[in-house]
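Letters A, B, C and D name the chains as they come in the text, with residue numbers starting at 1 for each one.
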Amino acid sequence: MFSQMVQAGLGEFLFVFIFFLVGLILPLSMVIINFVLGPRIYGKKRLATYESGMPPIGTAWMQFGASYYLFALIFLAFDVDVLYLFPVLLAYQRGTGGFELIELFIFLFLISLAIVYAWRKGAFRWR
Amino acid sequence: MEVKGNGPICIPSRDLSQEYVESPAVVGFAPVQDLLDLARVNSLWPLTFGIACCAIEMMAAGVARFDWDRFGIIPRGTPRQSDVMVVAGTIPHKLVSTIKTLYDQMPAPRYVIAMGNCAISGGPFSYDGQYAIVNGADKIIPVDVYIPGCPPRPEALLQGFIKIQTQITKGIIDANRRADKAARKHKK
Amino acid sequence: MLNPKTIDDASIDQRVYQLNLGPQHPSTHGVMHLLVTLDGEVVLKVEPVIGYSHRGHEKMAENRTYEQFLPNPARMDYLSGMIFNHGYCMAVEKLCGIEVPRRAEYIRVITSELNRIASHFIGAMDYAMGLGAITPFLWGWDDREHILDLLEGITSYGRFGGVRNDITREFYDGTRRFIDRLRGRFWDYENLINQNIIFIKRSQDVGVITKEVALDYGVTGPTLRGSGVGYDVRKREPYSAYPEFTFEIPTREAGDCLARYQVRMAEMEQSLNIIEQALDHLPPGPIRAKVPRFVTPPEGDCYCAFESARGAVGFYIVSDGSRIPYRIKVRAPSFSNLFVLTEICPGHFLADVIAIFGSIDVTVPEIDR
Amino acid sequence: MPTAEPTKPLENIRNSLVQVIPEAELLDRDYQECGYHLEVRLVMRGMRRMAREMKDRRFFLETITAVDFLEYFHLIYLFTTYNEASFRVMARVKLLPEVRPFSVWTIYPEAIWLEREVYDFFGIRFEGHPDLKRIINPDDVDYFPLLKNFGKTKFTTDIDDILC
């Protein structure tokens, strides 16, 4: 299966596949080792939600204020663009040049404009 | 007039109602478990649950001079991430359900230190007409180590943690230490 | 946004959520339970639930002699134990008319002021830690260790008619060194925390207690002096050896969390002055008056007020002429200071409630007695 | 111990109280010996008028407590001033066991908690209190701890002075 992939010129994707496998195996192995080696306690009381020692009042499934949603959106703005910074290492390999750095900062500046816009529209005022 | 007011609460601590099922590890070889015990011993995370005056001594044990970070002890806020529950102070009736809930919400393996006379036996506040407190933490949760004192000094609390460490590793550390000492004496 | 004033349990709709800042919470000092009603992040109602550290001190007083009740006051407010012990001894001496020698009064004032500084360290630095500043918390505890070394050196705990042990030479020199060292340290706290922009932003105009609200709720101590009323029992009803010392009562007008913090820090400097003056004019003489082994005060009652680190404490003792007190009522300042929370917290954010609660600086066993 | 002996303010307090609650009995007490300057013995009906008068004169309500004398209770209110050299006025109300005193929470909101504590320890129900329930003891208990015939006191067991 790998040989056909290599002939079809998809060798590059082998690394991505290994990356995916490592990402999958590591967490799973931790969970399994913990399950196998450590003692466990089951029980309704053990799994009750923790609220500083008191039984929680009401359910957590309720209507939330819109401000929480706006905060989540703004967090997303910077979280996703960190994802775009990874390929920068591969794409800009033309050697030592300040040019890539400036391009990076321009990209970050454009993203932060979203934050400024949200700030002006009062998303942080929380009322 | 007979003495109204209930006597000290005396729930025999052995038949604590087991609302939870405790299952030992699947792979139970001795060397593996001993190795794990050594790892557990050096990162005992206590639950920050100070009730009264002993809480101040517990905080003093955690700060600059006595600094229990040297033993890998990092106080945690939630019972989910803590191994040791230090019951530091008097246990009134209103707090009994809270202590039980917190103890139940701690993952295995979990240990309990009863710090101070109040947590051991009600201490200076227990007499036969007392209506307010439970005489000792072992009436409500199983306790591993008792630290006497009112309040015990921070060093006593550190010694309590060391005693729990020896208990966890079933004395392996001491055994090695005794073996070394014997070897040194033999060589002399 | 729902109006905090018109909220009641019936009209709680889907969006309002009740949260337990419960007995076991890192920010509550001890086992304090705040039942907070929230609309999103804004607090609508705070109801402190107390009783999680109730040990029945007042019931114990009814079956113990006056001497056997001596260890209890220090366990009511464990941060200023010496002050409570000093107050209880003063109340019984006032009831029995015992005259305390001047040297014992001076030693009591020195130990009380040292204990006040130690208590303010914990109160102020725990407030700072509530806002996330861990370093001052560690510094404050480090300085407090020095005070404890001094107090452990002489263990001059109060007895009726005087104190247990006399001042030793190394306590005298140790306190002098401690005073000079601490005066230098205030400059460090000033740089580290007092001008920290985050600390100021989080504390200014948060939890403002006006004079009217303070009068309604009987607030006393640094919490009251932060709102501009200079009421301090040491000045208003001078007791023990305080009339012979010159010190002033720091107050701030703003009444917010920052003002209360600044009052506590300023009070520490005043306590240092008192200790210095007391050490300068320490009179010779006996440290304890002739007192029978079992004190039997005459029939009658007496209220003795004194100033602890948290406010005006009062021991109301009713005696019926026997060795066992008929009734001892302790007026706890934290009890009234805590109830102000229900008045000033609505409308703030949840994080501010923790800041306000920290700035009021209560100890739980003193509230529950 | 010199204490500022406030003669003038004490006088006008006495005069105003005499007008507000004529039926009360005012006694001057020596501060040195008992810690308060003026004792007012009155009946429960006059309590709210006195509290309103004290509030106008900038006294703060230091504490409300009760003492159990088996046949009757003594309700004790302590008022102290914030401003000038403070002096203390104690209001003592004699209550028979089944009488329900009036709550003063409309004048001093702090009384909500103070009265709840007195109810919690003595079982004295205050009339007009917003939510009279236990404050310190667990809510489901039925005893009132500080009563003289509850628990271990002089009246229930013979207490040996030494061993206790």
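Heads up, the rule we're going with is that a contact is a pair of C-beta atoms (placed from the backbone, for glycine too) under 8 Å apart; a residue touches a chain by one contact, two chains touch by 3 or more.
This is a predicted model, so every value here is computed, not measured.
*Asks:* When I count C-beta pairs in contact, which pair ends up with more: C-D or B-D?
*Replies:* Between C-D and B-D, the larger count of C-beta pairs in contact belongs to C-D.
*Asks:* When the C-alpha atoms of chain C and chain D are each averaged to a single point, how far apart are the two points in Å?
*Replies:* Distance between chain centres: 23 Å.
*Asks:* Measuring centre to centre with CA averages, how many angstrom lie between chain B and chain D?
*Replies:* The answer is 44 Å.
*Asks:* Could you please state the distance in Å, as a whole number, between where the Cα atoms of chain A are centred and where those of chain B are centred?
*Replies:* 39
*Asks:* How many angstrom lie between the CA centroids of chain B and chain C, rounded to a whole number?
*Replies:* 30
*Asks:* Counting only residues that touch at least 2 other chains, which ones in chain B make the list?
*Replies:* 94, 98, 102, 127, 129-132
*Asks:* Provide the list of chain C residues touching at least two other chains, using ranges where the numbers run on.
*Replies:* As it turns out, chain C has residues touching two or more other chains at 22-25, 51, 54, 56, 59, 63, 368.
*Asks:* Could you list which residues of chain D touch at least two other chains?
*Replies:* Answer for chain D, listing residues that touch two or more other chains: 137-138, 145, 151-153, 164.
*Asks:* Considering only which chains touch which, label the overall pattern as line, ring, star, complete or other.
*Replies:* It is other, because the touches fit no line, ring, star or complete pattern.
*Asks:* Where on chain C does chain B make contact in their complex?
*Replies:* 22-26, 30-31, 51-56, 59-60, 63, 71-72, 75, 78-79, 122, 137-138, 141-142, 145, 364-365, 368
*Asks:* In their complex, what parts of chain B are in touch with chain A?
*Replies:* The touching residues are 19-27, 32, 36, 78-80, 98-99, 101-102, 104-105, 107-109.
*Asks:* So in the complex, the part of chain C that touches chain A is made up of which residues?
*Replies:* The touching residues are 1, 14-15, 17-25, 33, 39-42, 349.
*Asks:* For a test of understanding, state which residues of chain A touch chain B in their complex under the given definition.
*Replies:* Residues in contact with chain B: 35-46, 48, 50, 53-55.
*Asks:* Once bound in the complex, which stretches of chain C touch chain D?
*Replies:* These residues of chain C touch chain D: 50-51, 54, 56, 58-59, 62-65, 68, 94, 97, 214-218, 224, 229, 231, 233, 236-240, 243, 294, 300-305, 312, 314, 316, 318, 322-324, 326-327, 329, 331, 335-336, 339, 343, 368-369.
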